[in-house]
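Common to both upcoming complexes is subunit A, partnered first by subunit B, then by subunit C.
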Partner chain A sequence: MQALYAQLLVGLINGSFYALLSLGLAVIFGMLNIINFAHGALYMMGAFVAYFLLNLGGINYWWALLLAPIIVGIFGMILERTMLQWLTGLDHLYGLLLTFGIALIVQGVFQNYFGSSGLPYAIPEQLRGGMNLGFMFLPIYRGWVVVFSLAVCLATWFLIEKTQLGAYLRAATENPTLVRAFGINVPRMITLTYGLGVGLAALAGVLSAPINQVRPLMGADLIIVVFAVVVIGGMGSIMGSIITGFALGVIEGLTKYFYPEASNTVVFVLMVLVLLVKPTGLTGRAA
Partner chain B sequence: MPDTAIAEAPARAATGGNILQVRNLEAWYGESHILHGINFDVNAGEVVTLLGRNGAGKTTTLKSIMGIIGKRTGSVKFNNQEIIRATSDKIARMGVAFCPEERGIFSSLDVRENLMLPPVVREGGLPLDQIFELFPNLKERLNSQGTKLSGGEQQMLAIARILRTGASFLMLDEPTEGLAPVIIQQIGHTIARLKKEGFTILLVEQNFRFASTVADRYYVVEHGKIIDGFSNSELAANMDKLHTYLGV
Partner chain C sequence: MKHSISAMLLGTALALGAAGGAVAQDKNIKIGVLTDNSGLYADLGGAGSTVAAQMAIEDSGLAAKGWKLDLISADHQNKPDIGSTIARQWIDVEKVDIFMDVLNSGVALAVNNIVKEKNSILINTGAATSDLTNAQCSPNTVHWVYDTYMLANSTGQALVKAGGDTWYFLTADYAFGHALERDTAAVVVKSGGKVIGNVKHPLNTADFSSFLLQAQASKAKIIGMANAGGDTTNTIKQASEFGIVSGGQKLAGLLLFITDVHSLGLKVAQGLNFTETFYWDMNDGTRAFSKRFSERMKNKAMPSMVQAGVYSGLLHYFKALEAMGGNPHDGAKVVAKMKEMPTDDALFGKGTIRADGRKLHPAYLFEVKKPEESKGPWDYYKLIGTTPGDLAFRPLSESACPLVKK
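So, the complex of A and B:
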């Protein structure tokens, strides 16, 4: 039983990263109509920024949770202003190819300077150790990642679904021309939205650094699964991305316990099944 | 419906001063040249109607004034400020509001969110209680999804949301299209009240009978040009000509 709970916890942690990353992808796709293949590289940059902040500036994990998303978010906004904005109105394929190219360049640069092996990032002192829950041992840092990710996901959902700013975002997703004619600076809002989505990826990178180490290819390994999560949840659906992210992490964890051979493919099998039954994803709306 | 709230409100503008001046306005959709030099004026407090057949360029004229047509040349002055190169968000913030023909109700927003969506660009917008007095149906359906409303209610919502913003110059594109006579009548009453309130309105209409109940002046658009213009008092004398222009 201990092993089952341990795999459930691993599943929840993976689900946290899936949820944060797919949430960012969903926000970006909903607003910019761009399938952001650079998302994994930006997640990796978040982890590296936390590493640099600690090792070059002596800035600890808690500040990195705040600063890394801002720094990488600004990098993302520069990407949007200088490159992605020119793709408005073109086929999805152009955005996908451009962001794929950006991902390869960013990963290549980091690989050139840091190789492929992982750099250590220590768990902050306050989150070391664990708790015996009776039925399992819970490492505190892992519990923190799950709780904090869930809180960030719900806060993002609240921002988009329940605030005036979110209403602007949702309306601009449907009809940006009319929203702009109401007096809202839509291009600036698009840039900020891309920054928000990228910031979420970077935040996931910082959370991941003490668990998975800091590696140039850490995002490339994850991004394919995250895309499957987004497709299952429904492209552009905020709550769909959050629920599917956590659920698929748990399903993956359970598969590792019951049938380990299928643990790496179960997400893709589910994706195929969902696409066959509901091509818009579980919570996606038809175009 | 009581008229007190509107009657008590301060006048927005006295009829007279020139608020919009359009000169030699040309516009393109991609390679298609749609407007070929539009010229007309709108005075403060007036209701001016653009008449014309389908495809004459009436909607494109409104969109060009609003800045949502990619390529346009000529001169559009709003309150003596040139806006031909301004972006649509800047034009909106100067006090111009646009209600599109397709109404533009957002399906991902409920009625309340649709109503509150356009930001207040200046003081003097109608408060919500006056808006609900004009359109009582909306108050009862605030939590419904915007696109679940009937066509008439969607049109009311589309007009209501731009009244909140404080814009003094409203451009309404075919507000009666596809609506039942009783709703058309209600929209006519609303436009008359807004005029009394001091709003300046540029209306595009194919429903000439409706336009004649609210308009002060008319311009006839054909092949992307203004080919004629007359006031409401000259309407009777121009009826034959108008029938020829509109093909009715």
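So, the complex of A and C:
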């Protein structure tokens, strides 16, 4: 029984990464209608920026949490301005192909210069060590990841669903022409939204840098699972992707305990089941 | 590629010059490096293996003696089906004579069968499974650098002797992990230890915390990592997070490469024990080769034992070809010649190739240095024990290989 609690907690930790990443995807899909396949590569860039900040600039983890999302977010906004914006109104497939191509190029460039085994990034001093919870030894850093990403997820949800700015955004996706008529700069808002989604990916990258090696392929391995999370949760649903992210982390964690061999397929099995029963995803609305 | 073109031109020119005299011998060979160029094993094989092959071609001097040498490489993406498709295409269309590297045991076993069926040659320097020279042995295959039996034998025995008598295995769920766990468990039991559990994880896993918690709960003294590459580095890094080593359990890296240690950094990797058959800083010969190798690498990495094996294996292959004088396309015949001749090169020292295709050379037990002991980048290992070649690998008396006469 003790082991089971531990696995639940570990699942929650992985779930926080799924939640952060799928949230970014959901925001981008919901607002821009783009299936952002570059998300994994941008997540990886977040981790690499943290690495560079520390090793080239001596800038620590805490600043990286703030700076890396901004830097990668700006990179994302440049992508949106120069490439993605031309795809407005076209079939989803074009956005998918473009972002997939961008992901391959970015990963290729990083792999060319940094190899595939990755670079080390140490856990910040304040978060080292762990607590004995009785049923498990919880590294403080992992606890921090859960709390922090939950807070970020909820803040994003609040921003989009409960504020004036969020209302503009949602309105702009429903009917951009009308919103423009009210004097709101819709293209700029869309660029900023893409930047926000990308920033969330980069933030997840910084959070994961001390846990995993900082590797060029770290995002490629994760992105497929995250897409499954988004599909299960319902494309474009903010709360849906947060909840599904955490829930699937837990389910995957339990699978690792009861039948480890299936642990990297269980998410996809669930995805198939959900698609069979409710093709719009658990919380999705019919298009 | 520039080199191979100039080698070709030179070769052709010389061949034309010599054609008037002696009976025309076929002196064309094509070498194929089949490896993981983009995935989790790309640093320990990958582009570095192609560089090593290129260096062997240049150092052999064969081009000046009228041989025409071609080199191609491909990425098998760690998928046996892709590896098999490339292998068939290479043999049937590209007329490749010899396969080098072929890391990943799953791919290696698949290619091993095709090479045997088509009478080609495989000098495997990257895959770990000892089945390549045991039940699956072939007259067309030489297993050059290391294998799971040797790793188990050297590292496993040393750790049990040092008091680590209860083991829990964290195993990569494919041919390699299974073979490494099986071979190590056998050594542990034989040396008086006990295996109290295992967990199999999918290849290329990012998060090991679930598995590590299970290993921690088992209270085994040794957690044996029967995995490799990125899987091992992530395990080690996360184990330190969960306080596994500080809690009194010891991690045993059953297969670690210098590129893994480099990637982890000494702070995390210090104190690990494991076995390799090559380290760049062993003697003048290894240092000289490694320096030249690292200058040609984009990230200035030192060679892994897999890449060193590509160089050493090819040099021996070339020696056999020279001794035969030409007509290099009968795979089994060339391999038989290679087995006849003793091996000797600067990287692995003197050795032999056994009837079952196993190349014999010493195995070294290393310990990773503490950060303060290291004099700079890539100065990572302390040698703590050497097992001679004839004792390091599976004795022929235990072999299930049909090529071994009993």
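Throughout what follows, the second predicted complex is superposed on the first by the 282 of 287 C-alpha atoms of A that agree within 3 Å, B and C clash if a C-alpha of one lies under 4 Å from a C-alpha of the other, contacts with A are read in each partner's own complex, and residues count from 1 in each chain.
By our rule, a contact is a pair of C-beta atoms (placed from the backbone, for glycine too) under 8 Å apart; a residue touches a chain by one contact, two chains touch by 3 or more.
Being a predicted model, the structure only gives us computed values, none of them experimental.
Of the two partner chains, subunit C is the only one touched by A:Gly130; subunit B is not. Looking at the shared chain after the overlay, A:Met77 reaches neither subunit B nor subunit C.
More residues of subunit A are in touch with C than with the other of subunit B and subunit C.
In the superposition on chain A, contact is made by A:Leu178 with subunit B only, not with subunit C.
In the overlay built on the shared chain, the residue A:Pro139 is in contact with subunit C alone; subunit B does not reach it.
By the touch criterion defined above, A:Ile211 lies against subunit C but remains apart from subunit B after alignment on the C-alpha atoms of chain A. When both complexes are overlaid on chain A, the residue A:Val106 reaches neither subunit B nor subunit C. Contacts of A:Ala167 after superposition: subunit B is touched, whereas subunit C is not reached. Once the two complexes are overlaid on chain A, none of the subunit A residues touched by subunit B in the first is touched by subunit C in the second. On subunit A, the positions that touch subunit B within their shared complex are 164, 167-168, 170-171, 173-175, 177-186.
Those residues of subunit B lying in contact with subunit A across their complex are 66-68, 87-89, 91-93, 97-98, 100, 104, 106-109, 113, 116-119, 121, 162, 165.
Every residue of subunit C that touches subunit A in the complex is listed here, in rising order: 38-44, 46, 173, 199-202, 204-207, 209-211, 213-214, 216-217, 229-230, 233-234, 237-238, 241-243, 247, 259-260, 262-265, 267-268, 298-299, 301.
Taken in their complex, subunit A has these residues touching subunit C: 2-3, 6-7, 10-11, 13-14, 111-120, 122-123, 130, 136-137, 139, 141-142, 211-213, 215, 217-218, 221-222, 253, 256-257, 260-261, 263-264.
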